[in-house]
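Structure record follows, encoded as structure tokens.
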Amino acid sequence: MVCVLLTWYELGAPRAALGRSIAAFQTPRIFSPASTPADSIYHLSLLVVAICSAIFVTVFSLLVYAVVKFRRRPTDDDREPPQIYGANQVEVAWTVIPIVIVVVLFLATARVIHAVEDAQMPRGTIEVTAIGHQFWWEFYYPAYGFVTANELHVPVSDRHHPTPTHITLLSVDVAHSFWVPELAGKTDLIPNRKNEMWIDPHLVGAYVGQCAQYCGTQHAKMLLTVNVQSHDDFERWAQLQKGQAILSEQVAAGRQIFETTACVNCHTIAGTSAQGKFGPDLTHLMSRNTIAAGAAQNTQENLRVWVTSPDAIKPGSLMPAMQLEQADVDALVAYLMTLH
Amino acid sequence: MSATTLVAPQIELPLSPRWRGRVGMWCLIAAESAIFCIFVVAYLYYAGKSLSGPTPAEVLEVPVIASIGLFASSLTIWLAERGLDAGRIRQFGLFWLVTILLGAGFLLATALEWHHLIYDKELTIATNLFGTTFYSLVGLHAFHVIVGLTGLIVIMIFTLMGAVNQEHSERIAVFGMYWHFVDAIWMVVLSVVYFIAR
Amino acid sequence: MFDAEPISRPFGNARAHESVKPLFDRVHEWVITVDHKKLGLMYIGYGILFLVIGGLEATLMRIQLAIPHNHFLPPETFNRLFTMHGTTMVFLVGMPILFGFANYFVPLMIGARDMAFPRLNAWSFWMSAMGGVILYFSFIGGTGLYGAGSAPDVGWFAYAPLTSRAFSIGHSTDYWIIGLLVSGFGSIGTALNIVTTVLCLRCPGMTLKRMPLFAWMNLVVSAMVLIVISPLTAAQLMLLLDRYLGAHFFDTQAGGSAVIWMHFFWIFGHPEVYVLIIPGFAFASEIIPVFSRKPIFGYSVMVAAVVCIGFIGMGVWAHHMFTIGMTSYANAFFVASTSAIAVPTGIKIFNWLGTMWGGKIRFLTPMLFCVAFIFQFLIAGLTGIMLASAPFDWQLGNSYFVVAHFHYVLIGGLVFTIFGALYYWYPKWTGRLCNETLGRWHFWLFLIGFHLTFDFMHIPGVLGMPRRIYTYESGRGWEFWNMIVSIGVIFQIAGVLVWVYNAIRSYYNGTIAGNDPWDGWTLEWSTTSPPPVYNFATIPAVRSRRPLWDLKHPEDPDWKYE
């Protein structure tokens, strides 16, 4: 069937030993695991698909045989065939065999559930808190004390000295779901409930995912990226994120506009008077590749469009059009472009 | 072909159409019990989880008299049914009236309790989780009492018009099942709200 | 038992030499009827109307998703469409059609003159109908923020707290709640009626063990409906209290739980899908024996299996919640119960195969649909096993793989058997046979369309495409598959159009069918086509599961062997 064919295709897909090409990251595949939870699921899925395929082939063959062999032929007389009401041995057989199969599947599955859900986190685990919003992701690193949005950075984890990332999942509004197929199965972010998951990516690279629980109008454009980096790169990134916002005199006009309009109600820029919590933290906006949770690339033109009319990029997002003069928008965007 | 005649097995008569009222009412009771089940589950789940506001122990008093009255009404409605079975319409009418009075008394007691809780103890459905689950569960039951009471009153009117007699005893018994069900639900609600989760 | 009456046409006599009642009188007769046959046909007609509407909603969505970054529909409209599509198909198509068939045939098959409570029957139909009208009124009624009406846009399972006043402004969610609440009362009424009819109105000699499987399965389905619609009713009442009286059932800001809505909904929602598919089993269990010319293989086992499915089905609901962070023990329990239900379900597939085995199969249109059903239900069951494995579900859940799975069951399983049943019993309703050639065209067109759409829909799920998204970027690897999925819709529409044409044309020009065109064995084939309003002049007495076989083969009756 289609699933079997796809599995063969996926097994054949080349797995880069070092890093992944940018083009490859755009197609998340559940059969290309790069982290232990996804790996365990992948191996379990091979067993499940194999069993299902065997059952399918058997029953389908019987069906085809019955359809061909027992069809009424034009030369048949009008007598009815032997009227068989049932056969107990056959019934027992096709009850017992499925029960055995079900037990095998259950045991294999229970093992993986336990391995993933009840895993103990070793020392050296990176802690991240992911908070779901309509329609963006907030990431808080308690050990480092900074907040970022939409693009998660984690260190690569070596199998012998694992440094997994443990993610606590919360939500401020409605239910969301964190799904990056190559790294782990999805886990929901539910308000008034604390959920947990972990990943230990083995390969450096960028992995894309998106929200997988319908959360409102722009559920479709709530993408997330997990950037798996070497330990050094990760530390460098984290130190950068910890810092306050760059204050450049050249864009003072833009900063002035930011701090005196409604922007500060929703956004935080560390080291300034902007301490709003409703929208993403913009302190290091330019360290991100995309804006609006993956809805557009992070370029000057897109920033201009986003500030002027968010509905042009993400209709129904909760960012209001700021009703600014064009010159003010230019200055503002120039300021935002300095926030590395 | 053998010469022996085929002997047809006896033709059995399955459950008779006479039972359809009772079977139908059992079905309704099953469905209604499921609704109450969900409200009880919600009550138990949220017990103790209110973030603020009055707690059950602070504001609830066991409605002893009202409950006894409601349970007694099950007895009186049964006595009424027995009267009708035997053709004693006066006995039927009398006990039927007592049932109505007991049911109305229960509703009155509930109304007084709610008035006290809302105005004196400041507990409304919107106050906290306890308020939400309390008023919805007890209210759902009270609603069913109102429906039952309406049926009781309609039948009372028919009786006073002289339209009810012995041949209607099966239908009256089916209606009586509904009233007994309402009582049984009150046993559950009383235990959960006023004793178990207090 | 064989009444010699001329064919009376169910929709009024249209021949010139017969007296024609005025249109108003004919419509009035249908509006006030308490006859189970007319109510059954109205249920089915209502269901088919909404099948077309729901299909239109799906078509619009598939046009939007055929290419990436499409601007055919704005997100608000798309979100309303998938909500209405799902809600319509489950509540306004599935339930009515199945209750319609049950209404028409349960009394006939058990030798009764009508249902146990004819007036309740009528009330239940009109309540269900009104529920649908209320739900669809949402498109034009009320006010919403985004224009274009305010149909609900919270998904057919309406998760909290998205449905609270804070996140669902306006009245769209209220239409969803009230429409379904009203329709739910109708469903409970019909279920109550079916249970009472089956238990109390069987003709002499028809013990439970001699009842047609159709009647057994409708008994199980109706018993389930009584128990499981109530959790939905309760949850919807709680949601109404939250939205209007300030209650906090699902108010996470006040300590309420979003998860408890999920539990309540799925305690209804999962058994609901068994309520939908078991009547499909009932159709297959009637059609396959007649066209294989053998009795159903393993009658007692089939009864036991469907009762098991009914019971176990109440204990699997949280497999829709594997991703919400339940403990490993809870997850494992639901893996076990969900996998367990595969056993009785598989037994049924094997028994249908066993019925065909050694038979002389006539591949007329009803049988074609049932054979395809067996094939597709097998696949759907296997993808279900995959989803039952919780870790696998952590990847596949809430993706297009799940969408493909449940459409495979509901269309590949249920709709195919419904089409089979429509062809099988059309002659009983109208007195004429549907055209067989057009029937085959319908079958093949619909089969091709179904497989194009739903086979390939599994792939985007495996490639990470979540459900309920109104658009997607190019470069995600999903474009090609979405295009094929959308193309399949064209074939399905073509097939359905062929069927509509066939049904209408055959009503006037079809071959006269007579009482028993398929040489069947259950009691409905002993009446005229269509049956007189009182069904049977004399209530029949039966001695076996196939009373007409006994009559047609007096030298070798079934009761010798049962």
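All chains are identified by letter, namely A, B and C, in their written order; residue positions are counted from 1 within each chain.
Heads up, the rule we're going with is that a residue touches a chain if its C-beta (ideal position, glycine included) is under 8 Å from a C-beta of that chain, and two chains touch if they have at least 3 such contacts.
No experiment lies behind these values; they were computed from the predicted model shown.
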Contact-connected components, chain C excluded, all else fixed in place: A | B
Chain pair showing more contacts of the two, A-C and B-C: A-C
Rounded Å distance, chain A centre to chain B centre (Cα mean): 51
Between chain A and chain C, centroid-to-centroid distance (C-alpha), Å: 34
Separation of mean Cα positions, chain C and chain B [Å, integer]: 34
Shared interface positions of chain B, touching two or more other chains: none
Shared-contact residues (touching 2 or more other chains) in chain C: 255-257
Footprint of chain B on chain C - complex, ascending: 116-117, 120, 188, 191-193, 195-197, 199-202, 204-208, 226-231, 233-235, 237-238, 241, 245-249, 254-257, 260, 264, 267, 541-543, 555, 557, 559-560
Contact set on chain A toward chain C in their complex: 1-3, 6, 23, 26-31, 38, 40-41, 44-45, 48-49, 51-52, 55-56, 59-60, 62-63, 66-67, 70-72, 76, 80-87, 90-91, 94-95, 98-99, 102, 105-106, 108-110, 112-114, 116-118, 134, 169, 173-175, 177, 179, 181, 184-188, 190-193, 195-196, 208-221, 315-316
Footprint of chain C on chain B - complex, ascending: 1, 6, 8-9, 11-20, 23-24, 27-28, 30-32, 34-35, 37-39, 42, 45-46, 49-51, 124-126, 128-129, 132-133, 136, 140
Residues of chain C that touch chain A when the two form their complex: 74-76, 79, 146, 153-155, 159, 161-162, 167, 252-253, 255-259, 292-295, 297-301, 323-325, 327-328, 331-332, 335-336, 339-340, 342-343, 346-347, 349-351, 353-354, 356-363, 371, 374-375, 378-379, 382-383, 385-386, 388-399, 455-456, 458-459, 462-464, 466-473, 475-478, 558, 561-562
